[in-house]
Structures are given as C-alpha cells and as structure tokens.
Amino acid sequence: MSFDKGMSNIKEIAGADGIHAVEAIQELHPDIHKYVVQFGFGEIYSRSELNKKQQEMITISCLITLGDTANQLKFHFKAALNVGITPKEIFGIIIHCIPYVGFPRVLNALQIAKEVIDEAEAL
Amino acid sequence: MSFDKGMSNIKEIAGADGIHAVEAIQELHPDIHKYVVQFGFGEIYSRSELNKKQQEMITISCLITLGDTANQLKFHFKAALNVGITPKEIFGIIIHCIPYVGFPRVLNALQIAKEVIDEAEAL
Amino acid sequence: MSFDKGMSNIKEIAGADGIHAVEAIQELHPDIHKYVVQFGFGEIYSRSELNKKQQEMITISCLITLGDTANQLKFHFKAALNVGITPKEIFGIIIHCIPYVGFPRVLNALQIAKEVIDEAEAL
Amino acid sequence: MSFDKGMSNIKEIAGADGIHAVEAIQELHPDIHKYVVQFGFGEIYSRSELNKKQQEMITISCLITLGDTANQLKFHFKAALNVGITPKEIFGIIIHCIPYVGFPRVLNALQIAKEVIDEAEAL
Amino acid sequence: MSFDKGMSNIKEIAGADGIHAVEAIQELHPDIHKYVVQFGFGEIYSRSELNKKQQEMITISCLITLGDTANQLKFHFKAALNVGITPKEIFGIIIHCIPYVGFPRVLNALQIAKEVIDEAEAL
Amino acid sequence: MSFDKGMSNIKEIAGADGIHAVEAIQELHPDIHKYVVQFGFGEIYSRSELNKKQQEMITISCLITLGDTANQLKFHFKAALNVGITPKEIFGIIIHCIPYVGFPRVLNALQIAKEVIDEAEAL
C-alpha cells in the first residue's frame, strides 16, 4: 500500500527526524498528512526513474526556486545528507541555481543549508 | 578564460543547436550574451561539484518551478538528452516536481518535453 | 476507486470537452494522466468540505495568481460555467484578485475568460 | 464614499481585530492605508458579484498561492471565520490548493490556519 | 477626477497606442477598465514622489520579475521610450535585473524590448 | 579587476554595514561570496547605463515583486538612502508597485522600509 510505502520512504530518506516532522503534519490535519505520506512520499518517491539522490536534488531545486520554503528546505537538506548527497554537492546545487533564480533565493537557501550541514557535522 | 570555457561547455551540453540558440542572444544584446556565456555557462557549468547530468536535472527543475520558461525548457530538454539523460529520466524529473509545484507547471513542461523527445526520436 | 471517481468528477465538472482535454494528457504520459485523474480529480475534487462551485472558484484563484496557466484557465473557466458559476461571478472572481495579485495577472485571465464566455454564449 | 464603505467592510469582515490591523498600516504610511481601505476594502469588497464568504475563499486562495503572506493569511483566516466560513471549510480550501500549488505553500498555510482556528475555539 | 487624470496620464505616458490598448480592456470589462484607468494610471501615476521615467523603470522591473507579462512589457517598453527612457537605458534596466531574477525572465524581456525598440527606430 | 570593483561599489552603495553584510556571505560560502561581489556588484553595478539611484530603484522593485526577500530589502533600503534616494522616494517606489504586484508584497516591504528609515533618522 502507498501509505506504508510512504512511511518507509520517509524513514529511508529522512530518518527518525523526518518521521517526527511528518507526524507534526498529522496533528495539523490528518488528511493532508495522508496525502503527503501516500501521494508525496508513497507514490512519487517510489518511482523508479530516478534514484534517491537525484530525487532530493530535484526537490531542493524546486524549493529554492519557489521561495518561502525555509521549513521544507531544512527537512530536505537533512534528507539530502541522509541519502548520501555530500555537503559539497549541496552547495553545488545551490550555486547551480544562481543563473536561473538569482541571488536572493540562493542566499536564503545558503543560510539554511549551512546551519543544517554545521549541525550534522557537529554530531 | 571563462568565455571560451562557456562556449565549449555550451557545445558539449547543447551541441550545434545550442550554439545557434545562444548566438541569437548575441544579436539581441552583446553584453547579455557575454554574461550568459561567461558567467552562466563558463563559470557555473564549469564547477566540479556536480556532473553535467546533475546540472541539467537541477536546471530543468528550476525552469519548471519558475514558469513562463518555454524557450528555456526547450533548450534544456535538448541539452538533457545530449548529456545522456534518458527520456524516461526527463519524465521522472517532471513527475518528481508535482508535489512541490503542482500540476499546472508540470503539464506545461510535459508538453514541451514530449515535443523535444518526439523530435529527437524521429531523427 | 479513485480513478473511476476522478473520471466521473471530470465528466460532471468539465463535460465531454473536459474528458477530451484530460485524454490529451494520457497521450503525453500515462502516469501523469493517472495522477491528475486519481489524485487531482478523484481524491481532491471528491472531498465534501466544499461544493463544486466553491472548488472551481478556488481553482481559478490559484491559477490566476500562479501565472503562465492559460491552458488551465481555459479548462477551468469552462468548468466553472458548467458547474453553475455565472459569467458575472467569473468576472467577480477575477476582479477580486486585483488587490492581491495586481493587474497583469488579472488582465491575462480576463482575456481568456472573455473568450470562453463569448464562445459559450454563442452556442 | 469608498473610504467609509471600506472601514465598514473591514469591521463587518474582520471585526475589531481587523480595524486594529489596518490601523497599523496607517502608522506605516497614510496613503497606502488609504488605498487598502478605499480601493481594496471599499471598492473591491463592496462589489455585488460575490458574497463575503466567496470573497474570503478567493482571497485565501490567492494568498496561499503567492507565498510569503503569513501576516495576510492570519488576517484573512480570522476574517473567514468571522464571515461564517467554518474551520472545516478553511481546511477544505487549503486542501483544494494542493494540486495547483503543491505541498510547501499548503503546509505553510496549514500551520497558520491551525493557530488561528485553535485560538478562536479557545475563546 | 481620477478617471480623467488617468486618461490624460495614459496619453502622456503611452500616447495614442496606449489609449488604444487600454480601450481594449474596456471591451473586456468596463469596471476593470475603470480600475486600471482610475486607480492605476489616475491615482498611482499621478503621485509626485517619482517622475515618469522613474515610474516606468519600476514598472518594467516589476513586470520582468513577475513573468508571464509579455503584453504588459510591450506596452511599458513603448511607454518607456515615450517618456524619454533611451533604448540604452531600457537594456540597462533589463541587465540590472539579472542578479535578482536570473537569466530566464531577463531573456524573455530582452526579446520583447528588442522588438519594441527596433520598431520604434524603424519609424 | 571585477572583484575589487565589486568591493568598492559595495562600499560606495552600502557603506561599512554593506561590507559587513557581504562578509557574512563569505563565511557561508567563499565562491557564492565571490559571485555576489564580482558578478553582482563588480560587473552589473559598474555598468554605465544607469546611475546608482536608478540601480537601487530597480533592485528594490525586483525584491518587492519576488517576495521572501526581507534580508535583501533591508540591505537595499539602507543602500537606497545611502546613494541619495529620499525616504519619500522609497515610499514612492513601494506605492508604485501596488498595481503590478498587489498589496501583500507591498505591505511586507513597507514594514521593512519603515524600520530602516526610522533607524536611519534616529541616528
């Protein structure tokens, strides 16, 4: 089932922290939680065209471009590290967005990435 | 020099068609052309954190999210095929954007991708 | 099942024209078609908090705000008429967006709405 | 006069809290305050095509889609409750936006809606 | 009166072509036309903090950043020339947007600017 | 050299505070810092089509339209005052954006502008 697959994908991608972050949506609205887990993580992240690293690279690029996605970037920078994207590659993604979205979106993302990476390296 | 590196990157990424597309910018404004070649393709695409396939995946994700980027998507779907991203992976990128940007942006991109891929497969 | 529910919602909301428009997505990519029908129209449009008129009002407001959604606006202005939103109400929605998104988005939407409404009234 | 009509619309839609929030704009810049009251609330919210519930549904949809509108969403979720939109309908609006704008915008709005609704229900 | 002031501002800023373009809105919806003329051109363009050249520079920057504004950019590039912004300055505005909005928005605007300027210089 | 020109432009435009703000980027990522200084401030702000006041007017208009740019607006409202844009003109820019981007973006910018201007006047 997609929901169970979604939960196991979240665990694989984002670890215990990720499970916890998604549970917070459960408290806000059970159906939105269901859609995030079932459609987002269960259906879309289970597809086979791309591997987990590629999926997270695309996710991060979308979030940087959208703007006003600080919480989501925090979640997905952690997830990126978790699936094996290196800090160097994270900065590479952020830098690669510059010609397409300009500096303001990139500088906002950079600050969040730095905090997530510093915290991960301090462990 | 960044400009020469930019021209060789464009040729590698986007082939003769790409060179032609970028020359059209030259006719519109020589300095914007210079910035596209030198900063965009020369500097950013020469970085070593990501390989060409990863760079194009990120570029496409930014363009889908931005919207109003039909010309740029056409260029970069061709470039994606050129650097070895398969049609299946291109559709995978587009699908992966759904939970982050919604269906309208994705359906616009899908139509352009289909045209580029059909044309490439007809050759 | 959500897919069948999606198809019947599309028929109810958007009529034969709507079915045809969604079939075009099927030719572009069967899985994106499946997600549009199953998740979009099957799951979301089957929810009970809002009636069909309210759902279309919200959809149109999102599309106007997003920009670069001409095809989607055409589909949903037709759907709006179909579920009983009057032309006067459609213009009311567009006008109500002005203070939130400014004139450019509104004027683009207005032109499309006028064409859809004129065409519907010519029948 | 539009200005007086604007003030009475704000009172009707958003209550004493709303009046207070709009007064804060007065302190920032009297002319922007005048435009918000006169053009926004006086002119646009006085139109007859849509009722107050429909107007707030559209407003909220625009704000969710735009992003970076936390203050405005807080104001208009309160206003929504005030004009008779139920908490269930508010969540319905937010959920209906998912296929058009994606999860990040929706999750940001959800958190704000939950806070406003919890606070209203605690009274 | 704001409406008359709006019409005379449109004439001053955008000439006979501008009057014609705004009349097209009148045929689409008389009230939206009224708001464009009265609030947009009558009220906002009559303010004294900025001169006409500065107003058009700001307008163009907003439109480039928004995206999906081809019609509006055409109108305001013509208006820019009309109020004494030189072609060189128009290209300067477009170039100055690069670091803030990225190349895709800028390249779309550049093509429109070039057409408007070439047409003006051919007269 | 562009980098040195960039540093001297930052100093001229944004003073000691500006230098400090840009140094913070250096700590986040040296190459992004280099691109901001060299390409952004060194190359783009050294162009001759527009003067510093015009450049800042365009920058501010882009940032207001983009949204989610609080840090960047703070920097550039200070820079605007520094290059001789008056508080009255800053409010004029913000007001001029209303018809193009709507009230939410404008009200967010207004609050930041007011804080920057009040602080500057308190010195």
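Per-chain numbering from 1; labels A, B, C, D, E and F assigned in written order.
Note that in this section a residue touches a chain if its C-beta (ideal position, glycine included) is under 8 Å from a C-beta of that chain, and two chains touch if they have at least 3 such contacts.
Bear in mind that the values here come from a model prediction, so they are computed numbers and not experimental data.
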Intersection of contact partners for subunit A and subunit E = B, C, D, F
Longest centre-to-centre distance from subunit E, chain (CA-based) = A
Query = Hey, which pair has more contacts between C-betas, A-C or A-F?
reply = A-F
Request  = Check the residue numbers that subunit B and subunit E use where they touch, and answer same if over half are used by both copies, otherwise different.
outcome  = different
Chain centre separation (subunit B, subunit F; CA means) in Å = 30
Inquiry  = As a quick test, compute the distance in whole Å between the mean CA positions of subunit E and subunit F.
reply    = 23
Note = Expected list for subunit F, residues touching two or more other chains, is 31, 35-36, 39-40, 47, 62-63, 66-68, 91, 95, 98-104
Query = Which residues, counting only subunit D, touch subunit B once they are in their complex?
reply = 98-104
Request  = Provide the residue numbers of subunit E that touch subunit F in the complex, in ascending order.
outcome  = 36, 39-40, 44, 47, 49-50, 54-55, 57-59, 61-66, 88-89, 91-93, 95-101
Inquiry  = Help me check something: in the complex, which residues belonging to subunit C touch subunit B?
reply    = 25, 28-29, 31-32, 35-36, 40, 62-63, 66-69, 71-72
Task = Please give the residue numbers of subunit D that touch subunit E in the complex, ascending.
result = 31, 35, 39, 43, 47
Inquiry  = With touch defined as at the start, can you tell me which subunit D residues reach subunit A in the complex?
reply    = 67-68, 91, 94-95, 98, 102-108, 110-111, 114
